Structure formats: structure tokens, C-alpha cells
């Protein structure tokens, strides 16, 4: 029998996309969609292009938790109590919020609020498959990474593991879908169109998540991270400026990155700077690394679709791993393109 | 002493732009700005690019009505009572709402709601200077036309006066600023970006305004008018498809339009279809007229900036006329470009 | 053995997308790609997001025509001689150009140039599957319709067949990809961005194609058709203004369109005006029909993706039919969404 | 008699805008426009929105050099010989190219090509009025700065003068008009729209210009500078990441920047990150400076319009200074908004 899955919080951008991917997934059976607003409306009324003809329901755990897996797309803080209830009923969970990304509840408290389910943190796996694939396979609770950390960590991991990072500045740029579905002055078309500005200066909440993982990778550093809003819908680019421990050292960037990612279906190495169009509506993170000979600095760019690899399709990638499926099932094109079916066999 | 003017409802797009134009106007003295939201904030906090360092105040007629003139930028329905109060105190008013555009209060009632100040309708002048210049000069209450009617009527007036119109379809396209400052699903960047759709089908409220004026011009016809939303900020284009009374008749469109508009500072005739970029941030309406020899139809395009000629700068044009100033004062470039100062002399 | 197919002219937007769809197609085997420019470059160098790692080759019929089927994506006029050569070698062809759309070579001559292969016109089938499905199944030469005609004819067919059309005005709007890959003043970002204008006034070449098919459907009428360029990438909307033979007649539009399209996998009926985002990167044409009670007119909107249903995915839909495959194979989501695999079974 | 001025190379974006500003300038008399393409066309045919009804002429120095001043808007390398000819005839020149920005011809040779008029370098003044106002006043040859250097230097000057800069990373973002009028794959709407990428990695030609001026200001450092292309027309943002000599030091950024710029009409200090919309079509550079307490780093943002303060309006600002006029004449709004006429008096 195919594993069943519900999406909790399907009225927002990432929840709705997750619902679409799961409904067309070859293996999972999408059971139901809950939402904290718009109950009673069908998802294809809110998002015609997703073509998911399922009604959004008010949360009723007795009915909705009778599934093998859940994707929770609630806001930070609101997710933890729901995740706790789902876990108590034995449901395996991928959580799109930040609530289980930071291993230290005190650190979570410093950047968000008091943690609502600290007892679950020990079980939570940070769901970046390219770094924690084996942990995800056995996990019952996966914290899906933030969109900026996904791009930043994939960009920096090879350097961090090589132990060469002395200092990092990350200048990030994101399309407007990253700000979510809420209609505000900041997401009004007239505010964003033909505009460009930094935000969240200088303490954006994705900083501790990036720093936590850099420590694991071998770079215990405080980073500077500044995001910018650009006038486009989906897409995110991080430009990472890395000062090396030894600025004059030799470093074969091509080999370093190829060694790290040659077998990764969803990391694509490019010789020139990647554009966000290159990865739109895919689960692919496209990366290029460059040496600035004048300053010795290494510059790494990583582009992804913030709603896909930065959220929904990475959640499905995690679900695939958790349930022993081929990692690329139901997610779409891989870094090596071609016929998906052939690829799927290879990935099993 | 320079005439003083206040803007009522300056927190919205059109009120704020009117404030900017009046603050830099060579003759008018901008006294104060009121708003129904954001009181206490400075206008340059809401709209940095307007650079108007004036605080938005809560309405206090005793203080704010002590001016020679007022521009009212309230929503339809809410404007009429305020206009009545201002008129009662002898303030000359340009009203940006629809409340005084329709001469027949019953017709107003059919499209909006019961009229709140029908006794003022007889005094109200429809403020399209190119059609009613002399009336505006003596007016104490000017109803500033809607953006779509401004473009449509300037496009159709020469044909209507020539008595050749049998039927009209107007397909209109507008940028998002026309939807106003309210942050809604419809104005969210992600809704609008890379999108394009009709709205207000098939009964948009600008229809009775266009039909009323076409009657005056000599064309008593029911029209079809459909607006569309396009992914840009400021700009509006109407494409008018005119079936002639005699489809096979000769018609020298070039001469007809040149005769109508050669002396108009803010109407620009083009040989090819106008683009909205051509008129962005100007008070100019750019028009081209074409004959489709295969069908006999006449096609007229008119482009303008919905916030400028479609609202705020046309309001200032009306104020200039009402106070005996040069018509182009403080509005910016004219259809014949060049040195504004030289032009101003010519226009006196 | 799977049928083999080559794409001729794969460096342009529509040829490249066809190559992508065919490379991932479950049944067809993509053999090779030719191009009239960029020979020697790989397609994923020109278009990274398509992820087709195949080199563009200079045309060599001896090698490239050894296939079961060909998609020709050459400019109008240049296509006919190549199609003739391919047909002479027994290759079944879908031609994306206009060269085989008009059944009358004289009419072709009036809008384009002298026809280069008039002897093939008798065999050519107009490849709009929703109108000519059975003809396409047996065809060896399919003329893939223009993007505007596809949208316009799907919008108007139910009315034309019902014999109620007296007159039609089509106001069309298209994203910039419709202008093709050539870098010109007209496709420069700075020309298009925040702009909006009509073009091809008043004799756009898609007119005879629409009129020809309307005659077949029962409406022998000269139409007015005016396209506009809007600042977006992919997407096209036609707004059709139909004057009825009897403007006062009853007409159950809902039933008329449902009867016409209920079983069509790639026509989607909507209650409100469709947006081009709703159909982006799909083979779906989304349609809504409205009655304007004031004028008696019927207004029909149809939205599609000009590169997909307007070109490349419709070409694959035609290929599927020509080779007896399920019509939706390899094209992506259908109007009723859901699991593609289930749908595919239903469509066989 | 008013000083006369010609624009050489008026068919490009910056030359055309300079022509528009000078034609409406209260003092200068615009004599003629030359172009290397499009001779015989009127500028308002190429750029309707500029409304400059002057014909573009082929260069004829005998006629065109009979002026008091010239603005040269030629490509790098092509400008120097023309500037030399103009200077030989006694014409005072503002050059928009890079040819006279670098004081060292060898350095110029390393980044561009062999210098064509090194003998003029000694006389050339770097035309950033906020840094070199007095030098510009007496200059006969002014090298108008690059758009990125203008923003970067205004952002960094207060810190450089304070001697606190240890290291700088500049992540720059620009709209597409910065790439110029040439229609290429890179400026095609479909390439840029919904896209975002770095370019010129890692050796963009604006680097030596920024480094040269930082030395003058007191910071002899090699910098990292990476520009990005964003999907908008006009507007540029630089995000400067400054490592301090003493990362733990106290620094009153508010006072430092206010002291530097309080009297500058075209520098605007903001408390939050500036957006490029805030400065669109103005000569204003809007700046905010922030301390990241976690890392000790200083982050400075500067936004400007690349065609205005980054090129054309700064050229007019320089011309004003060279001819003893009020600095803000004919350029438009200043950082303190309000009535331009009042301001102009203050600036004399």
C-alpha cells in the first residue's frame, strides 16, 4: 500500500506547492490538506496553476493525522506544537518551519521565541540531503532547511570541509515569493517592481542556522549575511565572499567542487555565474566557484528556486529518503536532465 | 499672495503624487496634508521618492479648510460629504473620486451607491481640460475624470464629434498602481508578475462616465469596455475599436486628429502605436489612429500615465485653469518638449 | 522500437523547447538537433534550464533525415523547402512555421511570399487537435498553428459552430518570447520593461489563418485582430469581442462551452477571466466566456503559453496523435491535473 | 550669452538623457547632437519619452566643435581621440567614458587598452563633485565617474577618510540600462526577466577606478567588487561590507555620515536600507550605514540611478560647476526636495 501523506498549512506558497508535488508523486498518496485560512476553498481556486482539486480543511487531528507522513508548513513558532501532536501519534514529519533546525533551544530562543517542543530536538534531523542523507533516511522528524541556508551551505560546504575558510560574507538576493503569501506594503507590486533593497539588516534569522551547520562542516565562524529583495517571483542567489585562512594558497576549486558534488542529482556545477532562471521550478542548486587572484578571495555563487529546492521539492526529496524511495521521485528534472524515468532507476 | 491648497487623503497613490506636484509648484502654496491612515507619519516616510517632508494629519476641517483650494483624494462615496463641507466653507475643490463625474445621481446610484451630495452636481464641471477648458476656468468644483475615461475620451472625441461612430469596443490595459495602495491578493507581486488578465467583466464603473461624455460629444452609444491588469507599475493603454456608421466612407484620420489636438500641450499624436513608457511620469496622452482597410474599422490607441494624466497631474492642470495660471505650470514636460519656461510663456 | 525524431532549427525558443519535451518523452527517441546558428554549441549552453546536453549540428539531410519524424522550427518561408526534402524521404513532419497553415497558396502569397512547396498543401493538416484530431492521426504533414490562432480559435469555435457570430474583434496580448530569440531594439529589456504597446497594426499575419479556420467552423467573416506586447516572458491572452447575429438572443454560454470542451484534456473552462500565469509552462488553454447584458455582446478570453500550447507542446501533442500514442504523453499536466500516469491511461 | 553645449554620441542611453537634461536646462543652450549610428533620425524618434526634437548628425568637428562645452558619450577607447580634438579647439569637455578616469596610463592599459591621449591625463579632473568640487569648478576636462564607482565611493568616503577601513567587499546590483543600448543575448528581455546573476567575475573594469580613489581618501586597499544584473530598467545598489582596522572599536556612524554629507544636495542619508526606486530619475545617491555588532563589520548601502547620478545628471552637475552655475540647476529634485527654485538660490 502506498504511504499516505497530508499537508498541514497548504494555503501558503510552500504548502501549496508541496501539495502539488505530492499529488502527482508516483508513490505517495496525498490524503488531505489543512489550512489556517481559506477553509472550504479548493486549492485550485487559490492557485489555479497547481491544479490540485482538493478542498482546504480546518485542522482536525483525529481525521488528518491518520497518515504515514505529514508535511507541516506553518509559521515559525506555530509549527512546533502541531509537530509534537503528529509525532505523538506516530506520524513521520517534514517540518518547513525553523522550529527544529537549531539544535540548541537557547539559540532558538535568542532568534525566535521560547521553544514549544524542545524535547523533540534530539530526534530532529537537518534535512539537507546532500549533507545528511543517511540521517534523513532513518529520521522520523526532519527539519527542512531555510532557503538561504540551503543555498549558502551547498555553496560553502566544500570549502568548509577543506578547512580553508577564515571569514565569510554572504550577500543574498531573493525573489518576492520568499516573503510569503501575506499581502503587505512590502509585497505590493508597486513597492517591489523596479526596486531593489536589502532587508533584515543586520540580524536575519537564517544566520544561526548557517553558522550551526558551518561548525559541523568544520568552520566555526561568525558570518555576515545580508539578504536583498529583487523584483522577480521565484529564485534566489547567494554570493559568498570567502577569505581564506591562507589567502595565497593554491586551491583547485574545480576539483574540490567536482569531488563534492559529482554524484549529486540536484547540485549542478557551472563554469560561469549561475542565473536563477537556470533553476526555476526545479530542485536543482546551481553553483560556480571563482578565485579572485588580486585579493586571494574565493567567490562562490549558488542559485536555486526558493519555493522548490529552498522549500517544497526539498521536502519531497526528504520524504523520498525517509520512505526508501528513489531520491528524485516526483520532483522533476535533475542536474543531468534527460529522461527522468531512466534516472529514477539509477537513483534507487 | 499665492493661492493656498491642501490635499485631503494624501496617503494614497494619487493624493501623494498630487502633494508632490503642488509642493514644487511655482505658484501654489501647499498648506497641509490629511490622511485617513498613517496620521503622524511624514509623506516622505511612506513615499521616499516624492520627497515631501510634510506630516500626514487627521482631518480637522477648522484648520485644514482654511485654504483657497483643495484636492480631495478619497474613495468613491467617501468624497462627497467632505467635498460638501469644503464647498460650504467656500473652498474650491478638485475631486479625484467618481462622486461628481456623473451628472445624473440616479445613474451614479446604479453603479455606485446613493449619492451623498446631489445638490452639488449642478455646479460640478467634468475636468477634462481638452474638452471643457472654459468651464473649468470658472469652476468651483471640478470632478477629475477617471484614468480610463481620460484616455478613452481623448482617443474617441474627434470621431465622436465627426459623427462617424456606430459602435465602440474599448480594450483597456493598466499597470498595477491603478488598483491603489491597498495590499491585497490582487496587488501582491507574486499575483501580478508574469501575469495578465481581464477584470471587472463586464460592468466596470468607468463605463457610464465614458458613455455620458460620448453623448455630449455626439455619440449616444452603449459601449463595451473591458480593462486588463498588466505587470507594470504606472501606465495605461486603451485600444479603441470603432465601427463607423458608414464603414466604407473616406476619412482623413491624420487631419481629423491634428485639427482636434494641434494646440493641445498635453496631447501628442504619433504615427505608430504609442507605448506607455513614452508618457511615463508626464501629463501627456499619446494617441495614434489607424484605419483597417479590410474591415473598414478605425482603431485608436491612447496611452497615458494613470497616476499623472489619469489623476494627479490632471488635477493640477485643472487647478491651474481654475486659478488663471498657465495651464502647464508645475506639471512638467509638454507634448512639444523643450524648455518648459519658454512653453509656459506661450501657454499663458 | 521507439519512433525516432529530430528537431530542425533547435536554436530558437520553440525549437529548443520542443527538443526538451522530446528528450524527456516516454516514447520518442530524440535523435539529433540541427540549427542555422550556434552549430557546435550544446543546447544546454544556450538554454541551461532545458538541460538538453546535445550538440547543435549543421544541417546534413543524409544523416539527420534518417528518422521517423521531424519537427521543423524554421522561419516562415525557409521551412517549406526543408519540409519538402523531408517529406520526399518519407519523414513525417510537424512544421512550426506558417508555411503549410493556409490552404490557398495565393492567400499565403498575399501575406508572406510566393509559396515554395505548394504541391504539399493538399496533404497538410492544420494541427489544432481539438478541431482536427482525426485528421492529425493519419497525417504525414502537420502545420502547427500559430500561437494567436490557437487561442483565438479555441475561444471562438463553440460560437462559430453555433452560427451566432456576426462580427469579431480580437485584442491579443503576448509576452516577449513570442517575438523570438533575435536580439533587437524591440526585444531589448529596456524597451519592453514597464512598457505596453500594440504592434503589427492593422495587418498581422495571423489574420488569414484565423479567418480560414472560422470559415470552416461556420463563420465566414473578416475579423479585426490587433496584438500587443506586454512585459512578461511567456504567456498570451486573447480577448475576443463577439457581436452576435441576434444581439438579443438567449445563449447558454456555460453549456455551449462545456459541451464543446468537457472531454478535452488541454482546454480548461474557468468562471472568471483566465490569467496567463494559470497556464504557464503547460499545454493548457484556459477559457472563460461572458455575456455583456448591456450590449448583448459575448466576450471570450483565452490564455495559453505561447511557447507551449502556442508552439512546442502542441507540436508534441500532434506527434503523439500521429504515432498513435496517448495524446498527453510527455507534455505535462492536463486541465484536470492530478496524477499524469492515471490520466495517460484514460487518454489512450 | 548662455554657454553653448553639444552632445557627442547622443544615440546611446546616457548621451540621449544628457541631451534631454541640457535641452531643458535653464542656462545652457543645446547646440547639436552627433551620433555614430542613426544619423538623420530625430532623438524623439529613438526615445519618444525624452521629447528632444533634434536630429542626430554625423560628426563634423568644424561645425559641432564651435561650442563652449561638450559632453562626450563615446565607448571607452573611442572617446579619447575625440576629446583630444575638442580640447585642441578649446572646448571644455565632460567625458562619460573611462578614458580619463585613471590617472596612470599604464593602469588604464592593464584594464582597457593603450591610452590614446595620455598627455591630457594631467589636466583631467575626476568629476565626483562631492569629493572634488573645487577642482571641477576650474576644470576644462572632467572625467565623469563610472556608475558603480560613484555609488561605491560615496558609500565608503566617510569611512576611508576616518582611516578605519581594513578590507572591503562590494556586492553591486544594477538594472539593465547599465549594459547600454546594444541589443544582445544578454539584454534580451527573455534573458533578463525573472533572472538574476553575477557578471564580470572577478575582474570588472570599475575596480581600478574605485581603488584609485580610495587611495586618495586614505584607504590603500585591494577590493573585491562583483556586479550583478537584476531585472529592472534603471537603478543601482551597492552593498559594501567593510572590515574595520579595529573590529571592536566604537564608531558613531550616524555622526560620521551626517558630518560628511549634511550639506550635500545630492546625497541623502536614510535610517534603513535604501531602495533604487527611492532615487529613480534623480541625481540623488541615497545611503545608509549599519554596524553588525556580531562581527564588528560595517555595512553601507548606496542607491542611485545609473543613468542619472551614475552618468548623465552627474555630467550636468559637473557642467554647472565648470561654468559657475548653481550646482543643482536643471537636474531636478534634491535630497531635501521642496521647491527647486528656492533651493537653487540657496545653492548659488
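By letter and in written order, the chains are A, B, C and D; residue numbering begins at 1 in each of them.
Simple rule for what comes next: a contact is a pair of C-beta atoms (placed from the backbone, for glycine too) under 8 Å apart; a residue touches a chain by one contact, two chains touch by 3 or more.
Here the structure is a predicted model, which means the values were calculated and not measured.
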Which of B-C and C-D has more C-beta contact pairs: B-C
Maximum centroid distance from chain C, chain identifier (CA atoms): D
For chain B paired with chain C, centre-to-centre distance based on mean C-alpha positions, whole Å: 40
Centre distance in Å when chain B and chain D are each reduced to the mean of their C-alpha atoms: 36
Distance between chain centroids, defined by C-alpha means - chain C, chain D (Å): 47
Shared interface positions of chain C, touching two or more other chains: 191, 193-194, 231-233, 274-275, 277, 280
Residues on chain C engaged by chain B in the complex (per definition of touch): 167, 169, 171, 173, 175, 191, 193-199, 201-203, 207, 222-224, 226, 228, 230-235, 237, 239, 241, 243, 272-277, 280, 290-295, 297, 299, 301, 303
Contact set on chain D toward chain B in their complex: 23-24, 26, 44, 48-53, 193-194, 270, 274-275, 277-282, 286, 333, 335-341
Interface residues, chain D side, partner chain C - complex: 13, 176-177, 181, 183-185, 187-194, 231-233
